[in-house]
Amino acid sequence: MGLKKPKIKSIKYEEFQDNESLEKMAAELNANGVNVILGAVDDVINWGRANSPWSLTFATSCCGIEFMAIGAARYDMARFGFEVTRPSPRQADLIMVCGTITHRMAPVLKRLYDQMAEPKYVVAVGGCAVGGGPFTKSYHVVQGVDKIIPVDVYLPGCPPRPEAFLYSMMQLQRKIKLQKFLGGVNRKEKKQK
Amino acid sequence: MNNFCKYFDSFFRGLKTLLVGLKTTIKVFFRKKITEKYPENRATLKISDRFRGTLTMPHDENNQHNCVACGLCQIACPNGTITVHFETVENEEGKKIKVLTNYEYDLGTCVFCQLCVNACPHNAITFENSFEHAVFNRQKLVKKLNRDGSTVVNKK
Amino acid sequence: MDLKKRILEIAPETQFVEQGDIKAIVPSSSFYALAKKLKEDEDTSFDFLLSLTGMDFGDSLGVIYHLESTKYGHTCVLQTSTTNRENPELYSVCDLWKTANFNEREVYDFFGIRFINHPDMRRLFLRDEWNGYPFRKDYDMESNPLNMTNEVTEDKTTELTIDAEGKVIEKENTLFDDKEYVINIGPQHPSTHGVLRFRTSLQGEIIKKIEPYCGYIHRGIEKMNESLTYPQTLALTDRLDYLSAHQNRHALCMLIEKALGVEIPERVQYIRTIMDELQRIDSHILFYSCLAMDMGAITPFTYGFRDREMILDIFEQTTGGRLIQNYNVIGGVQADIHPDFVNSVKKFIPYFRNILKEYHDIFTGNVIVHQRLKGVGVLSKEDAISFGTTGGTGRASGWACDTRKRKPYAMYDKVDFKEIVYTEGDSFARYMVRMDEMLESMKIIEQLIDNIPEGAYQVKMKPIIKVPEGSYFTSVESSRGEFGVFLESKGDKYPYRLKYRSTGLPLVAAVDTITKGGKIADLIAIGGTLDYVIPDIDR
Amino acid sequence: MFDFSVVSSWIHQFLTSVMPEGLAIFLECLVVGVCILAAYAVIAMILIYMERKICAWFQCRIGPDRVGKFGLLQLFADVIKMLIKEIVELKNTDKFLHALAPYIVILSSILAFACLPINKGMEILDFNIGVVFLVAVSSLGVIGILLAGWSSNSKYTMIGAMRSGAQIISYELSIGMCLLAVAIFTGTLQFSEIVAFQADGWLIFKGHIPAVIAFIVYLIAGNAETNRGPFDMPEAESELTAGYHTEYSGMHFGFFYLSEYLNMFIIAGVAATIFLGGWMPLHIPGLEGFNAIMDYIPGFVWFFGKAFFVVFLLMWMRWTFVRLRIDQLLKFEWKILLPIGLFNLVLMILVVVFKLHF
Amino acid sequence: MNFILLITAVLTAFALVFAAYWIAKLLSPRSYNPQKGEVYECGIPTRGKSWMQFRVGYYLFAVLFLIFDVETVFLFPWAVVVRDLGVDAIISVLFFFIVLIGGLAYAWKKGALTWD
């Protein structure tokens, strides 16, 4: 069975970066085969999820300003349906970690991430969040948020341009579209004592 | 009575400012929108030539670059983004020279400060303005800038 | 008046060092008396503590004070130190200058120097359980691994006082008692402009007390600088206050150039000045946008960003960066201006003059805005000076504190512009100062843009830059106040200590005073008009 | 003008002819229930789409345009996402009240929604005290909000709930005053009769000055009732993060979101009904040809046209003004709107008693 | 009929919330961690209880509202017939009205409408 290629308007599948990781993920998911009916429902749900990732208003430094810029008129993330930013983690689907995470901030970020409702995603925006950025030698900076929470998309730049933000969101959409919701994402953890 | 007048005066004044605000927004409502449609406009998107999107090492048509693996860029870099891997070989004249094997560049931590480009005596590296770099895997951001099988331009 | 003589009169053991800026080294025992005298004496009246820098001299720990008189304009640099590295104690000056409160906590945090008579001796940036003092030269960088447990915030704090016998004793002070309704505003909050945290004690909607907690974006830039070469340190200045990236970098470049004695070509001065002013307009537009958004009007926010993009385009064209430009370098600028630069600036200014009216129509004139801002959050002139809230906030309180006028640099003494000063000191005045400053900035740019002289855009510097030994201080007017850089050099290629005078720290220190008795909504409006940028506070 | 009650009575007769009456009524109720839900959902989607687009245009941007043609499918994506989002279980909350709050909020808005006369003969709930009933059920919503805020056991939600309590009950008064003025003018409290009263001219024209004042006051107070900017105190994003619904996730939050928009529609719908003639077409005395053409346009088109026009007015206000402070908000109600309302009431009485209207 | 419809509407409302809740319950993913159920307060553990007494300025408005609302409810039945009763109707409620306005004026004067 061939790979179901997630489609994004205006950019061809082949022109995206890092298709290898995506295909690897898809291969793992499809190892057991997909039920056709479930697959169709899955597609609808994933289409919905991919087109409505509401992000948490979370910005620590410079990248946050560029994040505001994509919300404003010129880049207008509303076009994608991303514009609803929720200040409460309960209602957000994704954290865009815009900026440096320091040692003091790390537990806060972790707590916010923990408090988010499933399914949730993380985009590491900018050099600091990806790998410490300019502060690799600092005593108080977490060298990449993947040290504390799982990251879905890495967006390099210092800070990235607004278009790059949109690009990273499209990458995330591709990832969401490829996931298996029923039986995959909607796993039900058992309550631990 | 004076208080009464003041009350009404401030009321109507306030009302007027509100109407001015409403007028302004409705004017914008019918104005041309300035939104740029990325990614629909990818083909026509204009970005300044000087924009620093990622570090590259230009190669010419013979798959040759200018890097002599001197490592000045590595020293200039403030946060260890660049690692120059080289091996030492003897050339025809019997002199030991460095040959670049892998120019490792970590896009993930690069701060685009341009110190490496300034430091390079041979103009071997430069910034280009592509920006679509988001990936799913951190390792993909660590790039090898020299192409496979490339060699150094022989400067006579 | 001979300052040297005055100081020697009060503290005869004082020594003077004349490497770089003149510095008076005062023994710690007589320091407090000297400081008090200098502040209170009519003919000295050093009422403004510009900067307070902790230092590790190797054998001793000390503090450097940069004092300034707002009345006469004269400055002096004092230094005091203690050789006791185990248990260093110095006298606090926070009763003389309110700004010293936070600054001394910072010094305690970084160097472990405890200040006697300081009412609140807690760490400022780091967690309470942090081991060691990171800015000491013998600090082990690996000694504090990432701690993922939730932070426990103490409601108690300690104070060191001297008892009747002259012995130092510890006293406990309470920040919040158990009955108080304490709510955290921040670190993740839409309108703290980053990751600042206010612990707010509320009575219904009314604010009783605010305790700011910083450090959620403390990145240790100053410490990192000590292991970076001078050109490398430049990269970090842009990330301090990213809305005054040009000005910050300008300050550091100016400082190093001054220390090296490099003459800067006039073309560079022109370019730097224009860029600084563009950056100021950019920052003030963002201020307008964010204030509007904080107050619940999203439409003005997008208008602001719409026009700000035009400045960013100009920046990107010439410097290659939108927010962080990396433009100034030691001895000049990174690249010559783009051939289109002059044109696009000239196109932008008339456009923006026009659109500014729209801003006023939708926001400034609005009766609700007046209600929300007028008379809210008043900061008196005395408090402004004592807290050292430079920039728009100080000027709104009637303190003419513009560095561009007080200590002109670059082209500022050759252009004609007005220093905007309001006397009300309320939120609306703070807002109007910035709106009016944009007009002045445009005036400055207009005077310069047509006359940029031909010439080199960079002076060739040596590959390895070594600054001669001594201590240096320079300041510029950044978008939100006086941004100072203090450099202590030992003649190496690395700075021995590089300290930035944060423009935002005094603002945050003043929040409690300003908001007292206000409502939650006022706190947001005040925060918006104070216009702080958190990475600049935390450094 | 087409009377929808013809259709409904035909259905009723048909059903009773083939089955016992009880079953017929049950089936009818089922159909009505489904219709309410469908209308509710469709209107909510239209409103949210409209809000996003209109807000974008006010802000110089273009709004959703990538999900489906012109972004039309955006809302479906949002709904699907919200439906399958986890509902977080909280510790230390009043679980029962926490779960109850969305029910009350939705109940209030659906009941109020059912009161709107969409077309001639197409009102679902048409009590002879319709106006009072509407006021009663729409103020149920505040209980839901208070419960939501209180039961979450968070300080933000608590303050949000307190604010909304004070705000909504205060503005309830102004709404009451406006409705009272209308009742005085029309002499009835039944919505269908209020509409019928306007057959020869909309109230806003017939009642001239006092009616216009009442209309404007009603719009402002209605906007405040629905917690929308510039009166969005209870959920003031920049102050209380998400206000009273901070702790709600997934569809539970979705209901608060939904009811906010529906309440806006209800306010607009009521304004359209009582001031702009409901489903009555626009008639200009003397222009018979014009009036005849207007009559051809079905009543529900008129109703929705008017209601969405009012919605646009509300959005225009929303996206222009700065949020008020809570004490200013209450001051505005008690010191400006309420005196105006009272004064207007007196004016209306005089107009009615001395027959000064058209 | 009206009451049957009213009950229909009530049941519809409950059905909507109930159905949506169960769809979410059945389909949605679920995860547990110690911090998830805790109160959100900007990412910092909360201090003390939220359900504690704190001074509210809103209380006064609630009382004022009660007064006014009850009065307006009395006015509704009168409003329906005012057209027929004419001038008599005005005189009959004049007293009522004066009390109402007087009450507002008093509260205003006393400063009850201003937040301290």
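A, B, C, D and E label the chains in the order they appear, each numbered from 1.
Going forward, a contact is a pair of C-beta atoms (placed from the backbone, for glycine too) under 8 Å apart; a residue touches a chain by one contact, two chains touch by 3 or more.
Quick caveat: nothing in here was measured; it's all calculated off a predicted structure.
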| field | Third chains touching both subunit C and subunit A | value | B, D, E
| said: Tell me the fewest steps from subunit B to subunit C, where a step is a jump to a chain it touches. | reply: 1
| note | Note: chains that touch subunit A and subunit D both are B, C, E
| If you tally the C-beta contacts for B-D and for C-D, which one comes out higher? | C-D
| note | Greatest centre-to-centre gap (Cα means) from subunit E is with chain B
| note | CA centroids of subunit C and subunit E: separation to the nearest Å works out as 47
| note | Cα centroid separation, subunit A vs subunit B, in Å, comes to 21
| Between subunit D and subunit E, centroid-to-centroid distance (C-alpha), Å | 15
| field | Cα-centroid distance, subunit A relative to subunit E, in whole angstrom | value | 40
| field | Multi-chain contact residues (two or more partners), subunit A | value | 9, 45, 72-74, 76, 79, 87-88, 90, 108, 110-112, 115, 118-119, 134-135, 137, 158, 161, 186
| said: Among all residues of subunit D, which ones touch two or more of the remaining chains? | reply: 56, 58-62, 84-88, 155-156, 162-163, 237, 241, 246-247, 250, 319-321, 326-327
| remark: Residue ranges of subunit C touching at least 2 other chains are 150-151, 181, 183, 187-190, 202, 204-205, 235-236, 299, 302-303, 306, 324, 362-363, 366, 368
| remark: Every touching pair of chains is listed here as A-B, A-C, A-D, A-E, B-C, B-D, C-D, C-E, D-E
| field | subunit E-facing residues of subunit D, complex | value | 25, 29, 32-33, 36-37, 40, 83-92, 102-103, 106-107, 110-111, 114, 124-127, 129, 131-132, 150, 152-156, 158, 162-163, 165-166, 169-170, 172-173, 176-177, 180, 183-185, 187-189, 241, 246-247, 250-252, 254-255, 326-327, 330-331, 334-335, 338-339, 342, 346, 349-350, 352-353
| Can you name the residues of subunit C that touch subunit A in the complex? | 125-127, 134, 139, 141, 144, 146-151, 187-190, 194-195, 215-221, 223-224, 227, 235-236, 239, 242-243, 286, 289, 301-306, 308-309, 322-324, 534-535
| said: Going by the contact rule set out above, which residues of subunit D touch subunit A in the complex? | reply: 52, 56, 59-67, 71, 73-74, 76-82, 84-88, 237, 241-242, 245-250, 253
| said: Can you tell me which positions in subunit C touch subunit D when the two form their complex? | reply: 181, 183, 189-191, 202, 204-205, 292-299, 302-303, 306, 362-363, 366, 368-369, 371-372, 519-522, 524
| note | Per the touch rule, the subunit A residues reaching subunit E in their complex are 45, 88-90, 108-112, 114-115, 118-119, 182, 185-192
